[in-house]
Amino acid sequence: MTRPDREDTAPRTWRKPPFIANPWLRYGLWLVLVVYLVWAFGSLPFNWARIGEGLPRAARIFGGGFPPSFERGALMLTGFKESFQIAILATLLGVMLSIPFAVMAARNVAPLPVYLFGRAVIIISRSFHPVIVAILFVAAVGFGPLAGILTLTLYSIGFVGKLLAEEIEEIDWGQVEAMRATGAGYLATLFYAVFPQILPRQIGLSMYQLDSNLRASAVVGIVGAGGIGGTLMNAFGRYDYDFAFAILLIIIAVILVSEGISGWVRKKIW
Amino acid sequence: MLEISKLVKRYGRDEPVLKELDLRVEGSSVVAIVGASGAGKSTMLRCINRLVEPTSGSIRLNGTELVTLKGAALRRARRKIGMVFQGFNLIDRLTVMENVLAGRLGYVNLYQAIARRYPREDIERAFSLMERVGIAHYANKRADALSGGERQRVGVVRALMQEPEVLLADEPTASLDPRTSEQIMILLQSLASELSLPVLINIHNVAQARTYTERIVGLRHGKMIFDGTPGEFTRDALDAIYGGIESPDDEPTETSTSSTAQAKRGVPHDPA
Amino acid sequence: MVDHADALADRVWQRYDRRERLTRYAVLLVTLMVVVWAVRDIDIFWPWVWDAPNQISSLGARMWPPDPRGLGQILNAMVETVHIATLATLLTIFVALPVSYIAAQNTTPNRACLWLGRFILVSSRSVNTIIWALLFVAIFGPGVLAGILAIMFRSIGFIGKLMGEAIEEIDRHPVEAMEATGASKLKVIAYAVVPQVMPAFFAIVILRWDINIRESTVLGLVGAGGIGVLLQGAIDTFAWPTVATILIAIVALVLLGEAITSLLRRKVM
């Protein structure tokens, strides 16, 4: 079938050639999938009795949640204000601190030991979900917005630092060589040949990170790191579902607005 | 027999693209439709299989009125109308065979289509048609691995798989190099007589139209201004069709090469 | 550093005309005012801030050395975490694909479906996984089901939005060709849409699985199963060396997930 001279004897049936040519591998993968699903579903501890109560509970929660109550607007306002403050301060700190870490984590401008250290910081801060970091900071410095700021600062360093480091690794090396040729030192080279090339990107990233931090600030509060998340958690804990739903609606609205603004600003800049 | 009468197509409130067009195609004739860009060639062809909705008028294929058809009836009518496209319109990531069998989609059921379990006769037909145009050995190759001429052959076979009662070809050679485009024209010409199938070819290349077709229809501003044999297609007719718009593509070599590069990825046909 | 950046920026700004320069100063001024307001207004007890480095390092000291006891239990919880992420990702596919189909401009059956699809995507994406988890724990009680549902509900928006964009970006020509053969809508999708979005689909699902591994490590903090339950327990009982072990395990898991992801991506592409 694959060679013209065999056309006459070619079998006149046709099957779609399988995606994976080797039948052992093909059926093996299916088997692996089935075994995995059986294992996963079998080993997970489902509490069916409790799950069975779910529907009436859901009805009660949604019944209690509608209509959402905006009565305690002042409390909500305080929570949102704190979330904003956390997001703004953490973005500022994080974006500033991400620059030295990015330089450390860029292979072309940092010596090897420094590079490894910089990479390690970025990898670790990216590995942990902000909520885990938040719970640790709450344990270390106590409940409140300070833990939130520290958490999101670290989160921003990880994210912005990584992208910025990649950006530095891709800069036009000619400018660096030109600076070196004038006899400039290491720092002067950084400031005049490296930073100008990454500055536009950094502004865009900061806007993105502000948006991202605003989202995250709503959740770090759940473990006590300040902001609207704490208010939400309390409302849930006290079965104040109408208040909780009101908070959720506002969170969604704020996120949509912030996403819109951040997208608009980034389009303007780039 | 294909009968188009008083066909009008108007996009929005613009000047109509087709103005009460009349055309009859009988038997197994190869008809070339020539005209400058924007004359309405592509729109007319697409009105026949209703990829473009006609504004008014009537199109009858072997007695069936096509303009008023809807839903399943429209799909049943479409499968009797094969179409070959300028940009081939193949599904790049599927094999040649799947592309060819896709011509049967109007006939098979959904399960057969998704599981690729086409009836034996369809597969038999696919192989013999592919052998006829010389691409059978590519059956299991991905469509994007083929050259332009081979891809257009796949497009032709796909259209023929529909067992069409009429074949529409929208600039089938405009994306090909001169030699290949000659081959495709010869292929269309001989398939038309072998399968006794009427073929309508939109074509920019007047020289090819003269050589490979029996009848030339000239459109200008949505109106038919010439209808006759290649012998009758004189310098005057050419000037009437293209005059004052652009120079006619009299030299097949030049035109095809210039359009090949831009049409390689399949240029969207201009809607006008 | 800020001074230098400003000096540098000054130099760059020469390129812009007067009005643009004023806009830029105005933006800078507003930013500055917002920051000052945030610093002055925020509810922070400042002595704690100066004491924070001490507190953090003392917490670090209490965690060292990590306690290897209970490693078996931790590994089990890790496997559970991976299960939650994987099952949720697999299940999400079945919901996200239809949603992306109705939320894509070129395939949606009608306007109502388009807006319904967009509404589902936006609400799914705007609510964080952990908030979804909070809701599902309240409904179905603590446990892995709440975790799986939480991950699913967040992933639907992610996969659905990206798949919708992939569908909107397909080449129209094969669709036209399939319509011309008389194929029904479903057959057109199977032949002209599905093959075109396949690579994007794999890439998106793999990407989301990677993210879900990370997200499922925190579900336990609100009681929705996985390693987070152990972490919360260890923190509540001040078992800091165990906390350290769990943290190391999480880093290892996330890095492993990333390695598998990049391997898969290379295989599939």
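A, B and C label the chains in the order they appear, each numbered from 1.
Please note the rule applied: a residue touches a chain if its C-beta (ideal position, glycine included) is under 8 Å from a C-beta of that chain, and two chains touch if they have at least 3 such contacts.
Just so you know, these numbers come straight off a predicted model, no measurement behind them.
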Taking each chain's C-alpha mean as its centre, the one farthest from chain C: B
Pair exhibiting more inter-chain C-beta contacts, B-C or A-C: A-C
Chain A-chain B separation of Cα centroids, rounded to whole Å: 51
Length of the line joining the C-alpha centres of chain B and chain C, rounded to whole Å: 48
Centroid distance [mean C-alpha coordinates] between chain C and chain A, Å: 5
Per-residue multi-chain contacts in chain B, two or more chains: 98
For chain C, residues contacting two or more additional chains: none
Contacts with 2+ other chains: residues of chain A: none
For the chain B and chain C complex, residues of the former touching the latter: 49, 51, 72, 74-83, 85, 87, 89-94, 98, 102-106, 110, 113-114, 155, 158, 162, 266, 268
Sites on chain A touched by chain B in the complex: 1-4, 7, 10, 12-17
Footprint of chain A on chain C - complex, ascending: 1-2, 4-5, 8-9, 12, 34-35, 38-39, 41-45, 48-49, 51-52, 55-56, 58-59, 79-80, 83-84, 86-87, 122-123, 126-128, 130-131, 134-135, 138-141, 143-145, 214-215, 217-218, 221-222, 225, 228, 231-232, 235, 243, 247, 250-251, 254-255
Interfacial residue positions of chain A with respect to chain C in the complex: 36-37, 40-41, 43-47, 50-51, 53-54, 57-58, 61, 81-82, 84-86, 88-89, 92, 96, 99-100, 123-124, 127-129, 131-132, 135-137, 139-142, 144-146, 150, 191-192, 195-196, 199, 215-216, 218-219, 222-223, 226, 232-233, 236, 248, 251-252, 255-256
In the complex with chain A, residue positions of chain B that touch it: 95, 97-98, 116, 118, 120, 123-124, 126-127, 131, 136-137, 139-140
